[in-house]
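Going in written order, the chains are labelled A, B and C, and every chain counts its residues from 1.
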Amino acid sequence: MSTLSTAISPLPEGVQAPVEVTPSVWRGAWMHLVQGRLTRICLAVVAVYVACGVVSLTPILEGKIEDISADSYVAPNFHSLSGLFGTDIQGRSVFWRVIYGTRIALEIAVLASAIAITLGIFLGIVGGYFGGWIDEIITWIFTVVSSVPWILLVLALVYALKGVKFFGRPISELWLVILALGFTDWVGLCRLMRGEVLKHRERDYVQAARAVGAGHFRILLRHILPNTIHIVIINFTLGAIAYVQAEVALTFLGLGISDKPSWGRMIDDAKLELLKGVWWQAVAATVAIGILCLALNILGDALRDALDPRLRGIE
Amino acid sequence: MWAYIVRRILLTIPTVLGIVVLTFVLFGLVATDPARAYAGKNPSAATLRAIRARMGLDKPKWVNLGPTVQSIKVNSKGLRVETDVRHGLEEGGLVSISGLTPGYLDGNYKVTAIDAPTIFFVAPPAKFKLPAATTTPTTEATTSPSGIGAAPEDDASELLKNPGGRVRPVGLGKKIAAFFDSQFFDLLFFRFPKSMRFEESVWKLIAVKGPVSLTVQLPAFLITVALQLVVALYVAASRGKAIDYVVTVLTVVTLSVPAISVYLLLQWWLGARLEVFPLAGWKPGIYALQFAALPILATVMVTIGGGARFYRTVALDEINSDYIRTARAKGAPKRRVLLTHVLRNIMIPVITNTVTVLPFLVFGALILEQIFQIPGLGNLLVQAIFNQDRSIVMGVTYIISITYCVALLVNDILYTLVDPRVALK
Amino acid sequence: MRLTKWIFFGYLTAIVLIVAGIGFSFTVEPTRDPGRLYTAFVVNLKSLDPAICNDVDGAAIIGNVYECLYNYKYGVKPYELFPQLAADMPEVSEDGRTYTVKLRKGIHFYDPWKKAFEEGKGPEMKASDVVFTFKRVADFHLASPNFSTLFQGKIAGIDEWNTYTEQMSNAGRTPDYAKPVEGIKAIDDYTVQIKLVEKSPQFRYLLAYLGAAVVSQKAVEVYGDDFRTRPVGTGPFVMTEYLAEQRIVFEANPVYRGRPDVDGYAKVADADRLPKLKSMQYDYFNEPMPIWYFLQHGTFDMGRIPKETFGQAIDPKTGKLRAEMVAKGFDLDIDEDPSIYYYGFNMGDPVLGKNRPLRQAMSLAFDREKYIRVYENGRGVAANGPIPPTFDVYDADAVDKYSTFDLEAARAKLKEAEQINGGVIPELSLLMGDTSTDVRQQAEYFVSQMRQIGLRIRPEYNTWARFQELVDGRKTQIFSLGWVPDYPDEQTFFQLFYGKFAPPQGINSCAYVNPDYDKIYNEAMQMDRSPERAKLYKQLVAIVNEDCPWIYTHYPKTYMLRWNWLKPFPVMDYGSGFRQYLSADLDKRKQMLHRK
């Protein structure tokens, strides 16, 4: 079940019309997050991760993550910051590599989301708003894509893109993962958006805008998009979790990122290490992923409660 | 209602076609040539050709319009036609050849002998006269494989080279059959070539490996759903209490930790350190359960969270519904209300979930089976991906997707039968 | 209401049954046949047909049933051939091109399913069977990967036969096996004559290669497509059970002659009769961990040690078996493999091909000792040339000046290289033929080694299929490969540098072309084993060492763990069918397992 089925289990049909999302609702949602003790902690956690990611974008850590002066498999110790989580097979500091992994995870989450969200919003809105044969085609596309197991789709896409040259250079492993995830995971959002737009299309305010002669583009951008954007935000928090975990799965299957330290790679290394008693890489990466995903999960739930109570229970 | 069901069934057809195209493009067109990997250290061109022929890779990709004519020569018996790919024409059959020199366009010819992968002889119909050059007497009848290599020296005249014409069988039935003799239609019609790595048909492999996957997945699924329901009901009933928060947070934790970490750490801790369960492996018979125990436990741990959270929400909605409030107000005991009314109403999402998940129970889990070395379908699929075993990867992907489509269909129809209002939507 | 209750009840029962079943499964001990040997097989056998099987592990299994004309003497190193189905070593003509092979008499095929031969015991193996076998390997329809290794371009007329079968196959007809092939002839019932295209002293080794194991025409015809799961041979064992991907069981062949090196009618004393063990079972696992688990529990009698648990079995300080393992009843067999792992350079690459100092610098910057210690658990010997141990030309004490770890020298060479290149060396790509964790870690090690001298390397991981496509297409810069020889002659390594074998149509993967090398190679190829040839071989090694088309990394070692109720069992790197020599103290095994 796990990877295969959870990845593609269908969304329950019949999401009902949401409450109108006005600026006050947004403010309310923000207050909801900041005032709750749990959500406040989660916000702080995410902020720390983002900070780690930003630090890793600078060259500060470049030297530290590839330093092989220590012995291989030194157990965690408190002699230095580098040794806090021990060292890996090459003698590199697991601590710094975990920190650096944040960057990779965030890059994948943000960029893959960007692709998936753009595609999802575009196709969902266009399908829902224009209806007719356009809608039929879009519905057909996402039905087909969602019928093929997600992980297989991602694997196939990575293989397919591997040989492709982009401006004379092969696509980097990081981008392979991002593209493969982004181009396969727009389906859920597209389905939700389409459903939402279908309902908004018939609403009074859209009809009114149409009556005063607003063009399709203007109606979509000014009226419908703002009223459905909360779905995107909720989808982003949950999507980020899926991408971070998908990176682990892809690396495990040998198609992840190998030229930079990523969490998936550490867990993959652990496959050979745990039985030697080397647990620190696996545990460090797992905890790093676990805490980030936990925070995002809780935030996502809270956002959902605040913005759209009726979406509860939808994974 | 029946109209809806019929429409629903018809709507599945374009989806299936879409799935075939997607599978074929992703796994078939862009994949590397698997023949080279199979052939070993230093294969010859002939070996590679032979392997490709056995894998069905020498067929046209999408549709078979007939092989393209490369050159046509004339000898005593008829025309010698060279083509680019395997033709699939039968000996003695009629063919039409387009693209000959003027005067020979689109005539019907009789195939009198087929001699090489891409070279065969066709006898022109009597009404056509061969060019003068062919009257030169030739010594040997070329209809039988006379010598090693079919390069008889009696080619009297060369009609044309690279005319770009095609050779097609004559007769509507044969034409249609030939048209569908391509890699794409092989996939669509479930005509998977044998797996090169296992020398076994894809169906046979599924029949052997499916039950193994099921041995892990089915118990895991049953236990998971039972636990999910128990947790959901219990937590929903004690909404707002400490236990609610604890369990809710725990379910979120199971959703947050990567499944692979759970598998690996459980394997290390319970398998290697405490030696409670076997580390990995499989043995047929009753011993299988011994090896299935840890994977089942791991699967339950990984999958319990999502469902528990979902069922909790459903249960909460039910508990807050009017009829439950009424029942409670009338003084029905809490436990009774939960176990009968709420549970019964939760069953609908549970069954929906079950029907759509069933196909995947047979197909197992890719990574779980890798880690615990369960020789199931998931494991097979991962191996096949690494080994570029096209027929397995494409075949199994296609079968999974179609089964899933059918499961959705069945689910929708069941739903309609249970609740006719659905059809009206 | 009733229904709900029943569903509920049924559900609960199912769960109780599952839990009970799992609990019960832990209490039962697997039944074992006390007279049977249990081991694992690690490759998925795509076919039990010797013509199709082309890997060492597969050959070890199929070799229990099939025999070749020649085989290697058990336990004798350096390796030596003995006539197995042949009655004597081949008679070679003056020009070295005609081989006449006499066959042993009274050797019969055996069909345990009694379908090809009603009694089970088939007709006597004759020269016609050998001719059929050879033609069959070259049959296009079979797509035998062994054809190019064994016969292609070597036996007179065989390529034409291959073309003919291709035409027949595409016409949907069966080729006529009565059609003569110039190079393979049955002179009489017990004499086969083989004509070669050119002189080749190595050809005799190919007659001991399992791909050329003799099959029965009758059995092939009767079983058709099923032949791949129905081995009918002349060897010491017959297969009695075959569950694809799960289990293979062999029993002693009832009509076996008792020893591989005697005639069918020979009297062999009962004490000397082979196979020693009457029954063997192989269970399939493609990953090492389950094998280790079963080995520990005595379910397997022997097996390899996985990397992950190497430290549990072997003391890293002494390199020997740990005391507790010895106390438990284990023995260790270590074997030096005659193979090599290396990083190859694409000599056609504009940066690497023309820049010898660059290749030398990279070879100098690679720390082999550390690599073997950390990544191979010490299971290997640092390589000092293209020829691994067990070969005459190999010299353990020889020092190749570019195969030593010397960062100073490497940096100096790199300076030279930058001058040739006209500037800083650009980022180079390293191609790996697998995507597994092991391979990724090895590539990372290579990258960090090269970083020490300031070279940037970008690893790329591909499937084996794609890897070969890229190497054959010369679209690589650096690639990681190994070579396992087919026969015990250095030529199997030297051919890897021969100019004419450059890709796409050859095994010279690095596309190394050196006229001096080719000249000596051609000369040596015409020579039989002799001190003169060894001298030429040494020259070849010196040329390759200087030119550095490869970075040699290591010669691997096999560590085989064995319960001590089994007698020591030397690992044989060539040949097949050696399990017949394996013997065990079955009473001791019974006692030891009982004690547990």
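Basically, a residue touches a chain if its C-beta (ideal position, glycine included) is under 8 Å from a C-beta of that chain, and two chains touch if they have at least 3 such contacts.
Because the structure is a prediction, the values reported are computed rather than measured.
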| item | value |
| --- | --- |
| Per Cα centroids, the chain farthest from subunit C | A |
| Chain pair with the higher count of C-beta pairs in contact (A-B, A-C) | A-B |
| Chain nearest the global centroid, as defined over all protein CA atoms shown | B |
| Rounded Å distance, subunit B centre to subunit C centre (Cα mean) | 33 |
| Chain centre separation in whole Å, for subunit C relative to subunit A (CA means) | 45 |
| Inter-centroid spacing, subunit B versus subunit A (mean Cα positions, whole Å) | 28 |
| Contacts with two or more other chains, residues of subunit C listed in rising order | 289, 434-435, 463, 466 |
| Residue list for subunit B, restricted to those that touch at least two other chains | 32, 386 |
| Where subunit A touches two or more other chains at once, by residue number | 159, 163, 253-254, 271, 274-275 |
| In the complex, subunit C residues that touch subunit A | 289, 307-309, 311, 374-375, 434-438, 440-441, 443-445, 448, 451, 458-463, 466 |
| Residues of subunit B touching subunit C in the complex | 32-34, 36-47, 49-51, 53-54, 86, 90-91, 114-118, 145, 148-150, 196-200, 208-209, 219, 222-223, 226, 278-284, 286-290, 292-293, 296, 340, 343-344, 347, 373, 375, 383, 386-388 |
| Residue ranges of subunit A in contact with subunit C within the complex | 66, 68, 72, 89-90, 159, 162-163, 170, 253-255, 258-259, 265, 268-269, 271-276 |
| Sites on subunit B touched by subunit A in the complex | 14-15, 18-19, 22-23, 26-27, 30-32, 217, 220-221, 224, 252-253, 255-261, 264-265, 267-268, 272, 299, 302-303, 306, 309-310, 312-314, 349, 352-353, 356-357, 360-361, 363-368, 370-371, 378, 381-382, 385-386, 397, 400-401, 404-405, 408 |
| Residue numbers on subunit C that touch subunit B, as the complex places them | 4, 8, 11-12, 14-15, 18, 21-22, 24-26, 28, 30, 44, 46-47, 52, 54-55, 140-149, 152, 160-164, 166-173, 179, 228, 243-247, 283-287, 289-290, 292-294, 434-435, 463-466, 468-469, 472, 505-507 |
